[in-house]
Amino acid sequence: MLILEVANIDTYYGKSHILQDVSLKVNQGQIVALLGRNGAGKTTTMRSIMGLTPARRGVIRFKGEEIQKRKPFEIAHKGIGFVPEDRGIFPDISVLDNLTIAAKNSADGQKRWTLEKIYHYFPVLDRLRDNKGQNLSGGEQQMLTIARTLMTNPDLLLLDEPCEGLAPQIVNQVLFGLIKGLKDKEGVTILLAEQNARFCLGLADWGYLLDKGAIHFNASAADISANQEVQSKYLSL
Amino acid sequence: MSLLEVRKVSKSFGKLQAVSELDLSIDEGEVRCIIGANGAGKTTLFNLISGRTRPDSGQVVFAGEEISGMRPPQIVRKGLSRSFQVSNYFPNLSVFQNVRIAVLSRMRKSRIFYWPVSRLGPVNQRVTEILENFNLLPLAEVIADKLSHGDRRKLEISLVVAQEPRMLLLDEPTAGMNSTETESTIHLIKNLVTKLGLTLLLTEHDMKVVFSLADKITFMHYGQVVCEGPPQEIKANADVKEIYLGGEVC
Amino acid sequence: MEFSYFIYQLIIGLSYSMLLFLIASGLTIIFGLLNIPNFAHGALYMLGAYFTYFFLHSLPGVSFGIALVLAVVSVGLIGAFLEYVPLRKIYERSHALQLLMTFSFILILDDATKYFAGTDFLSIAIPKLMDGSITLPGDREMPVYSIFIIACGLVVAYLLWLGLYKTRLGKLVQAGTANKEMLSALGINVPRLFTLVFILGSVLAGLGGGLAGPLKAVSVGMGETVIITIFAIVIVGGVGSLKGAFIASILVGELNTFGVVFFPSFAMAFTYILVIVVLLTKPEGLFRTK
Amino acid sequence: PTLLRAANKPIKFGQLNTTSGIMASQGVPAMRAAQIAQDIINQAGGIMGRKLELVQEDDQVKPSVGVRKFRKLVLEDKVDFVFGTNSSGVGLACVPLANEFKKIFISTSMSDKYTGANCSPYVFRIGESTCMASKASAYCMVANAPTVKKWAGINPDYVFGRESWDFFKQGMKDKNHPVEYVKESFSPFGCQDYKPYITALLESKADGVFTSLWTGDLINFVKQAKPFGFFDKVKAFVNNTTAVATSIGLGNEMVPFWGEARYYPFYRDSELNRQYISMYQKKFGGYPAADTGAECFASVVALKLAIEKAGTTDTPKVIAALEGLEFEVPEGKKWIRPEDHSGIDEVVLLGKFHHDPKYPFWVYDPKTYFTVPGKEIAMPLSQTGCKMAKP
Amino acid sequence: MPPKPQNLKNPIIWFFASLIVLWAAPLFLPTFYVYLITEILIVSLFAVSTNVLLGFTGLLSFGQVAFFGSSAYAVSLLIKGTSLPFAASFFISVGMSALAALIIGLFCMRLRGFYFAILTLAFSQIFFVVVYKWTSLTGGDDGIVGIPKKPFLFFNINGPDAYYHFVLLVVMVSLALLYLIIRSPLGEVLQAIRDNSERTEFLGLQVRNYRLASFVIAGTFGGVAGALFAPFQGIVTPELLHWSHSAEPLMISLLGGMYFFFGPIAGAVIFVFIKEWITGFTEYWMFWYGLLLMLLIMYLPGGIMGFVSEHLKRGKDDSR
């Protein structure tokens, strides 16, 4: 079932035209990867969906409802969660407050994530619960960002470079399992942008290739993994 | 002879001992990589060395001179520069101007107040060269704030390289870069090391980078050095595998 | 100096301190949480006094207390408007620009007040209940209204401490100031939150104005006579720190009181000397929260 | 034909007063009072058949703005004469310009400096000076509170306040009245908290207190002093600048104290005064309460009479006509002393405020009216230091 | 492509062209406007010097007025109280404000952001209080009146046109110097400090020294403006040192566009004219003026130059 549909959006930063006629579809319970070089427009696509950099043209439908004119907080309430690449930790409040400040149930009232569950995946956050956000190490902040968004129980999760700064052990043993679990056990849909291609393609069902703000190609993850030409042309793997 | 020596340096934040009695010695021309779990104390160690934070106890000696307690500009002047884990640049200046600040400082031209900076040929020449090396030339006139995340990371590294230090501290230099960029950055760093005889201390979570660069790896855990040795040895170390690498899923 | 005279002056000073605190608490909240150096805070204080006068004299049978409440609500509404329309556009801008914008509010509010209320001085009577004074040892008088002001200051300090630092609100705003985008992406209506905080700050300014009314000539421009002192208090205390504003208010109030007793010829400079001494020893104020 | 047109052109008076900020309470009524004078004159046919036109500018109590506006009035608006200012800072700043442009400037602020060592043929000060107001206050106290011997002062901490205090003491000396000064205090302009000054005055056990606080400062002082029982403990309290504006501002909070006003509406029962008050009330509502207002009115009247006396608007001739001019204004008769261009009232009035149900605010108790002839308290010519040059 | 080295000829041509046009202006303008432009020139210099701090170093300072005012007082006292030639008085006063800026700067450099702003305000208020209360020297709140325009070197500068030409020369030369400083490596470092002082330190530059340099530069040229202002007005009063006066150059810089060298100049022209115009036509000028300010900030937050440069850019983009 289609949960998110992005149809022909154009997005600008001021006067620079970044996304050009971008369309993509995500089915319920799928993991879809956004692939592309630095500056291709992955982040911008996510920001457009989230309403942070609203698209000037085009339609974005979430659960069948048009959301392109909605404010970010309304979109969040409809069930989209965003994990940004630059973390956006609230620096002056504690880790615990970072986690709980915006915690809410999912759009249909479920509470899939609790502090205990978060601490189970990320025990560091438990240990550091009273530290101020700004005093965490880079990787700890990354974990906090992911955890904080999970606490809002989203149905669709936008993950922008979630692995950045995380130690291999966390990436491979925690994050990989966590994302897989989200999809398999909770039916959460995920849109993923990640430079770590192995991680990304290892998880994704489907992939969209972005280059210079436009979609050039889309195929199943398996196909992309197999397609040397695409990889070297757009991903330089 | 060791260029940088860290002697029994400790730093705690409240109850948390972020770095404790740590010893480290790095030879001139060496490429040393520090790895360790998140929160192991790598960035804190960098902060202690570069003068961003003061150690609670212990000494940092660079080229035979104690630098712990000095302010960052002094340390930089001695030839020790660092990059930041979170990109740290001049958001409202163009990419070109960003790098030019570093070059002006390096060439000791920053105090000139009677001549337009755009007319300082050698300076601008040098900036162009650096940008070229980092594939940033097409973005030279872009205001830094408008760069994409990956491009910011490149700018971050080019700022340090522009200072042509004797020793370089790089905190996760390639995080956020795509694989081509990562490769070309590795290449660039290698070049710098061989050409200029630069000494390098870096942290990285990308094992590809670590193993293709490091002469020697130090594994840190809870603020202490657990083991130290050539890459193959560390790779094989059970602790490292267990604590840090985890299973090779990806 | 006699010891009893000393104590007497201490209490006298405290009543001024608490009046200052009432006004400064609102500014430190707006400045600390929203990061807006609201230069028009003094103008809102002035409006508090004018509205109190207006309600007291235009509605029949209204007591000082009710007039004060109505005034505070009115000032809150004006604060809401200021936040909702112009201020919202410049949260991300420099302090200098924000200062200039709030300066423009002063011009507008002052002249609007002049238009509606005229230029004559107005006077609010001390409420009957609190008129007069109690006699302290040494045949010294202590006005009841001054004691009332001290009590108000303490109550407001306590309520704010409870309401702001013991609830989610304070933390939400702190988070929103640091990263508005992220907080809204997590589902919080940040603009509404900010409006609420600005209203709270304005309400405190209005309360200060209403309470100061019986002690002052209510006049256009009365805000400008206090605003620098209030800023000095907020800065000396540490921006955003309620405790800091409290202590700094006491320092400024007592310094002015005792300064006048001991070094009257420097009266004009007391506050500035305090600012210099404190900032040179503690560059971020006495109790910076961040 | 050009001559004819010139003859029909209005005569322009430029006025500088403060209509914005905290001093608007002084400047706005001043502007209004001058407009009333303009109306009265124009209704009566103008000046030598020409209309009088006022050009009013806000000096923002800033000397630098005052200077710019003075230039604008003279150079842009081409006014023939300038008068006004609420503060001596602005007024004194205009003096060099009056000399430079050779334009008559009548000041409505109180400083004695206009007519002192730097006096100038172009500059007049038409109303009471600090010296007159303070000495009159002293004389009044000698007469009305002879038993009060322990005096204290609370005055604003700037030139006017210090001079007022000195002249008050001088007045006491003039009368050979032996008194003791137990406390002198000076408070900054715009002082918000007078309580420490009040308690210190009470602590000094003074019986009499002289003050030259004015406008909002005086109101603040009175309001804050009252709960301390200040006005019961101090037997005599006298102020040298109490316009009725103060008692209007204080309303029912007013207390009985002695005041000296440059203009007091209810003393003089003259046609002109009645006309002034009724026209003011009709046009603006309320009483013409601010004393600068009366001075501005007086300036317009003086200029009108002088122009008519000279038969021209030619500056040197009008100066000559102003010198020694005797004229009637709402507050009474005035005379301009030719040697230093100081305006001198026939009498200066003091009174003690009381509540009278006939008026919406406190007024002087007629039983307490106390007058001093202006010539008696004006600064003696020998002391002014003025050497008047020829225009 | 790297930015092309800026063509230096252009500013030089502009400099002389505007100098010539402005020099000839009194031929066409009524005297009142000569006065007004003289004032605009002085205010421009004051604002540009303030903007070295505000726009180019990122320091909000309320202290500028102390240097402007103390220089104005110094020059007045020297002119009236000594027989020194005006040129000497002028340079002594400017030197004194530079020294004052250095001393106050040394104290203030530790502070950041608004703390810095309030500390500079406190210092400048101390200057104000000293001048206000030292009546025997400064005349207290009545100020020093009747400051003559003595000849500068061999030039007679008495009279509105002559003084205008004198001011024009001094201001143009000062602005040229400031322009050069802003475009120099030092200026670029200042902008880097404004953007990110920590990173500047980690590039090996002692931020404090550069900030201090900027503070002294601003103070010195603020002093030049003050020394020009005193004889122009013929009087000095404590108002010149009051903190509220220091809001003026800040306001002008913001209105004009603080990230542009010429922003404060555009701001000064518009500020002085608008204010002159609005105060003339209504008693409630503050209301209209405030409303205008508010709307300008709401819709042109980058100031006039910010708006113009954006439109110029758009024009270029379209033509491409």
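The first chain written gets the first letter, and so on, giving A, B, C, D and E; residue counts start at 1 in each chain.
We take it that a contact is a pair of C-beta atoms (placed from the backbone, for glycine too) under 8 Å apart; a residue touches a chain by one contact, two chains touch by 3 or more.
From a predicted model like this one, the values you see are computed outputs, not experimental measurements.
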Taking a step as a move to a touching chain, how many steps at least join chain C to chain E? 1
How many links in the shortest chain of touching chains run from chain B to chain D? 2
Which chain's mean C-alpha position is the greatest distance from chain C's? B
So, what's the distance in Å between the C-alpha centres of chain D and chain A? 75
Please work out the Cα centroid separation of chain A and chain C, and write it as a whole number of Å. 44
Starting from the mean Cα coordinates of chain A and chain E, work out the distance between those two points in Å. 50
Distance between chain D and chain E based on Cα centroids, please, to the nearest Å. 38
Considering chain C alone, which of its residues make contact with at least two other chains? 110-111, 114, 265, 268
Can you tell me which residues of chain B touch two or more of the remaining chains? none
Give the residues of chain A touching no fewer than two other chains, as numbers and ranges. none
Once bound in the complex, which stretches of chain E touch chain B? 1-3, 5-6, 8, 180-181, 183-189, 191-192, 194-196, 198-207, 213, 259
Chain E partner contacts - residues on chain D that touch it in the complex: 19-21, 28, 31, 57-58, 62-64, 67-68, 71-72, 75-76, 88-89, 92-93, 95-97, 100, 111, 113, 118, 157-160, 162
Considering the complex alone, what residue numbers of chain B touch chain A? 13, 16, 36-40, 42-44, 85-86, 146-151, 154, 172, 175-181, 205, 207, 243-250
Footprint of chain E on chain B - complex, ascending: 50, 52, 71-73, 76-77, 81-82, 84, 88-94, 96-97, 100-102, 104-106, 109-121, 123-124, 127-128, 131, 137, 140-141, 159, 163
Complex interface listing, chain C residues touching chain E: 31, 37, 86, 89-90, 93-97, 99-101, 103-108, 110-112, 114-115, 228, 231-232, 235, 239, 265-266, 268-269, 271-273, 275-276, 279-280, 283-285
